[in-house]
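Structure in structure tokens, see below.
Chain IDs A, B, C and D follow the sequence of writing; residue 1 opens each chain.
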Amino acid sequence: MSLSGYDIVFYAASAFALLTTAIAITRANPLYGLLNFVLSLLGMAVVFYTLGAPFAAALEVIVYAGAIMVLFLFVVMMLRLDRTAIARESGWLTSSIWIIPILSGAALAGELLYGLLGSTGPAGAHHIVSPQAVGLKLFTTDLAAVELASMLLLAGLIGAYHLGRPARARD
Amino acid sequence: MILAWLLIIPLLGGLLAWPADRITPMLPRAISLATLLLELGLILPLVHGSGAAILSAPSPITSGRWLATFDASWIPTLGISIRLDLDGLSWLLIVLTTIIGLFAVIVSWREIDHSTGFFHANLLWSLAGSIGVFLALDLFLFFFFWEVMLVPMYFIIAIWGHEHRRRAAIKFFLFTQGSGLLMLLSILALAFLHQRQTGVLTFDYVTLLASQPTGRLGTLIMLGFFIAFLVKLPSFPVHIWLPDTHTEAPTAGSVILASILLKTAGYGLMRFAVPLFTAAAHHIAPIAMALGTISIFYGAILAYGQSDLKKLVAYSSISHMGFVLIGIYSFNALAWQGAVILMIAHGVSTGALFITVGSIQHRLHTRDLTRMGGLWTDLPRLSSFGTFFVVASMGLPGLGNFVGEFLILRGVYAVSPTIAILAAIGLIPAALYSLIAIQRAFHGEANAKRGTHDFGTRETAMMLALGAAVIWLGIDPQPVLKIAAPSIAVLLPITHAAAIPATRRGT
Amino acid sequence: MNHLLWLVPASPLMGATILGLCGTMLPARAAAIIGTASVGIAAFIAILIGLHWYAAAPPSHILIQHLWTWLTLPGLTVDISLYLDPVALLMMLVITIIGTLIHLFSTAYMAGEAGYSRYFAYLNLFVAAMLLLILASDLLVLFVGWEGVGVCSYLLVGFWFQDAANGYAARKSFIVTRIADIAMLAGILLLAVKLGTLSIQPMLARATELWPHGGAWPTLAAGLLLIGGLGKSAQFPFQTWLPDAMAGPTPVSALIHAATMVTAGVYLVVRLHVLYLLAPDVLLAISIGAGITILLAALAALVQSDIKRVLAYSTISQIGYMFLALGVGAWSAGMFHFLTHAVFKALLFLSAGAIAMRLDHEQDIFKMGGLRTSLPLAFWSFLIGAASLAAVPIISAGSFSKEMILGAVWFAPGIGPGLWAAGLLGALITATYSFRVVFLVFFGPAHTPVTGRSGAPIAVPLVLLAAGSLLIGWLETPSFLGGDRLVMTLLHPVLGSPAPRSALAILVEAAGYIVPLLGIAIAYTLYRNGHWQRVAAAEPGALRRLLRTGFGFDALYEALLVRPFMALVRALRHDPVDHVVTLISAATLQLHHTLRRSQIGQIRRYAAWLMAGSIATIALLVFA
Amino acid sequence: MVSLSWHAPATLAAMLFIIGLIGLLARRSLIFVLMSIEIMLNAAGLLFITAGMRWGNPQGQIMFIFVINLAGAELALGLILLLRLRNRLTTLDGDAANRLRDVQA
């Protein structure tokens, strides 16, 4: 198996995404964590593109990184975390708290890799799915699912609105 | 169509009564009274005229000769229909239901003073459920009504009951609901079994009568019905919901429970558990009789030990229902007649006893026998009625309960003298607990003057009517026997025809 | 006249209904009039029917009045019909006439009591039930009356309900008889199943037809019914309830516990004597049991200090004589003794009541004394009654009937002479204890002051019953006194004629006449003026204590029946089956508490568990 | 175009998911918990995309859209709860959130 250009891009982006994700969850300051996560999302977008899903790649950048994560950032900024909060945060990050999660993560990883690499199924073809195909499918046969998704968003909206009101007004 | 009206009227009455208390708390009472009177007016004439002719000549159940019948499709794809049929047995029990329902309304006139609308709605719906149980000849419909009568009763206990009402209501619900589900399983199994045999999925009783499952499967299906009815009857050892429920329920609830809901179990055994599975029923007859005998003694001995008057009456009910159980499982026409009479007489006399206890509690704010005594001095009328009904429920000859007990004993004796004599010996503890109840409640030294008022006109009239009914049943039970006879003549031959080759008869 | 038969039980029943429903609204006088008149009407009609019978007995000496059909089912038909034969006629006359007199007596005796109308309602109901018992043509209807009188007895014994002791006595009387009644019910069931009918005459006919003499079924049936009869008649081993039943008002004791209800057992056997003839073993048991009862009760009566308890034990003993007669097949003699006993025992009780009324309800004979002069009417009537009880020859009714029984027993085959000796010994003790009471109460110094007055309602019954006690014996006299056979003639169509007497009977008769006089002489020596004090003061010995408690049967039954039952009640009181459910709910609750501890609300802990679960699940999927 | 088999992206998805999981288990700050959830959701999205690539089916990307959808809705609620929790408890410690039941609503 020789590495094509796309493959190199894929592996590079993958490594980047893994690295930034790992950095993201180990930061004491949430802002750094989130920024690293945004970087990881950008890396993921590249991965999507190499996997033949340009539309998804675009969504990953625009919606996930651009909208959702920015919202997250805003909220974290609104929390106005001061120096003491961050100091407390780093106080929690002792090496001992990582032991059990990493051990169990390793166990899970071992299982998953064993399952994945051990699977002898055919590698299968490699297809590029165009945004057009996605759109056609989405708004014809999967219309009901779209409606359900919109209901979910609506529920999220209403829920957020309700919870966001001051306590007095809610009672 | 008249049968459908019998169900619609109380259901509608309940719907009307519910919101009516917003106008005045009196209105739901009036609506309930009117509803039940209308119901009585509908049901009573059915045994006259053409009904009398039908009652005079028993005919096979498949011939479709009923006092009245109603058939409408409900869920045709599953073979479920709204099939209602009225025969003598159902007629008697529906009349009992309606009349006891009337008394329950009257007795609640003063006792229930909050949310009267919802109370009377539940009362009427519970009655409608039991009327449906007595009418339904589609097993699924039967189960439906079985549940319908249960839920309103739960509310009656849980909302208007006494101190520990929640616990009692939950116990009641769990026991009856659990056993009801067992019965549902059996109903489904029976229907599917019938489908496998004939290719027709139906819940129709008359069709399923031909199915007669035997062997281990038949016994299992039968047990579902049997246990459900045993719980409801109730019989030892699944009686334990009854004392708590009775104790905590409001008077009307206790009256309906004892006088009507317990009877649905006896009816169920006679109509379903025995004829649908005759061979299996004969197999467990010894067990059923043993349970009945144990119930007679167990109920009586525990009744003697109670200091809560309502609990005492509740345990005495268990004892009396033991007679019904042994009567039914003797498969003897006389015993079945006795069971019918005893069910009716027990309904009236125990209903009256619960009304008496309710009146005592209303006046003294206690049911504790140790805090009573000498009531006769202050409340002579209440005490004399109480004594009368205690004596009636003890089985004094000349009153209704004795006729039932004697016929049962006579019928059982023909099948198993041992059981009959044991059951007769059970009448001794019955006398013991009856007399100790009279002694502790009414006799003895009067405590300090309580300044309570005796029975008023409303209560006296009610008790007189109930007393007259008990006496009438005792000295002239023949009309009742005549009405029940064709049903029993129809249900018992099925039992015999199918069972004799399958099992050997007792001595 | 005969068609009015139904009125005989119906009239007191109506009285009871009226008094029961609106008695509290009536003035006492009206209640007394209704109560007495309703029984009086019954007595009047009964007398008319009796006269009519004397003039022209109905064909085959049976009068049946069908009222209505109680039950008819395949295999069981029970009619409510009244069946009057000479035996029933005799009973009916006794019950209604003595009943009327006792009602009359009660109007004065119970005056001023709370629940005056209730008393008459119960008493009327009792008379109605008793009449139903004797007039029933069907065994089941008889059982209705049988239990009815039991309940009335219960209500009347416990009439003064404020005192818990009365309630206990009432319950005891009912429960003991109920135990016996269950045996009777079993017998009724047996007859119903084996013979297919409970209508007495057809049933007896079928019994003779189907069952051999001395067979197992007739023995069993007769035995079971006999147990019922023994219970009701307070015979050994059921005798314990009657002395306690004296807690009721004295007229009640006179009517129910002396004259009528307690003789129902005798009536039952006489009524079914055809069945008993098929069961010689049962007859033998009856006579032996009767012999035991006579002696037990007479000995117990000898040491009682309560006048009513003396009379109660004497009733048990006298009914023992009736059963003795039945045991040897002397049905008519038994019925004759029933008749005389009803009269003189009612007289004794009413006299005792009349005394107690004037002594502020004092019933202890040792606290009475010297009443001969202060209460002459009570003295003379009690004396006549006691003479009859003691069977003083010629002048008392009791001697004629007792003599007849002893004569019949003597001639009974087998153990006849032995039973005769027991009866004779009983007669001796009877005479002693009856005159012991007479001497203690009416002679010697006075102990309790006499108060108040007695009116006509007290005097009239006493005088009439005293006259009856003197004269009624002459209805049936031994040959040397003219040989009247009025009672025998009446009963002959049903019960047959008694065996003719042989010459040897002279000696037997003579013994029967002398023994009572001997007994009175003993009483005179022991208890005449002042002499009794020494006996009473002496520390009661073991024997005396045993006799006083009626041979300790109460304690025996307490240990054998009551204690085990109460232990069972205590063990089961809280419903052990309920505990199983409680256990289930407790276990669920425990589980709840255990599992709840894991629900600490820490998201990370939850997530860790989730992860552990996922690892395990995936391991299953991957490696399995 | 790419010779890559689906194993590599699937492995990547697994690794990302496990990193997210480790974050979820290890971090006490609710902000990081939420972020870890996002990481895991994103990993799930990647797996859908991979499957779409493998079978050339647009359904994979459609599911990814729904995942984003879900992530958005979830995050909106999560963040608002975060804000309220912060106001109520003055901390973002997830382990302290079980004190919520003691706080009067």
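Note that contacts are C-beta pairs under 8 Å (C-beta built on N, C-alpha and C of every residue); 3 or more make two chains touch, one makes a residue touch a chain.
Model, not experiment: these values are computed from the prediction.
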*List every chain that touches both chain A and chain D.*
C
*asked:* Give me the set of chains touching chain A intersected with the set touching chain B.
replied: C
*Counting C-beta pairs in contact, which comes out ahead: A-C or C-D?*
C-D
*Averaged over CA atoms, how far is the centre of chain C from the centre of chain D? Could you give it in whole Å?*
93
*asked:* Report the inter-centroid distance (CA atoms only) between chain A and chain C in whole Å.
replied: 99
*Could you state the distance in Å from the CA-based centre of chain B to that of chain C?*
38
*Taking each chain's centre as its mean C-alpha position, how far apart are chain B and chain D in Å?*
60
*Any chance you could list the residues of chain D touching two or more other chains?*
21, 24-25, 28
*Can you list the chain C residues in contact with two or more other chains?*
608, 611
*Would you please name all pairs of chains that touch?*
A-C, A-D, B-C, C-D
*Which residues of chain C touch chain D in their complex?*
600-604, 607-608, 611
*Can you check the complex and tell me which residues of chain B touch chain C?*
171, 236-237, 239-240, 243, 298, 301-302, 304-306, 333-334, 337, 374, 376-377, 380-381, 384, 387, 391, 396-398, 402-403, 406-407, 409-410, 413-414, 417, 420-421, 424-425, 427-429, 431-432, 435-436, 439, 442-446, 464, 475-478, 481, 485
*Would you mind writing out the residues of chain A in touch with chain C in their complex?*
100, 104, 107-108, 111-112, 114-115, 118
*Would you pull the chain D residues touching chain C in the complex into a rising list?*
21, 24-25, 28, 33, 94-95, 97-101
*Going by the contact rule at the top, pick out the chain D residues touching chain A in the complex.*
1-12, 14-16, 18-29, 31-32, 34-36, 38-39, 42, 45-46, 49-50, 52-62, 64-66, 68-77, 79-84, 86, 92, 105
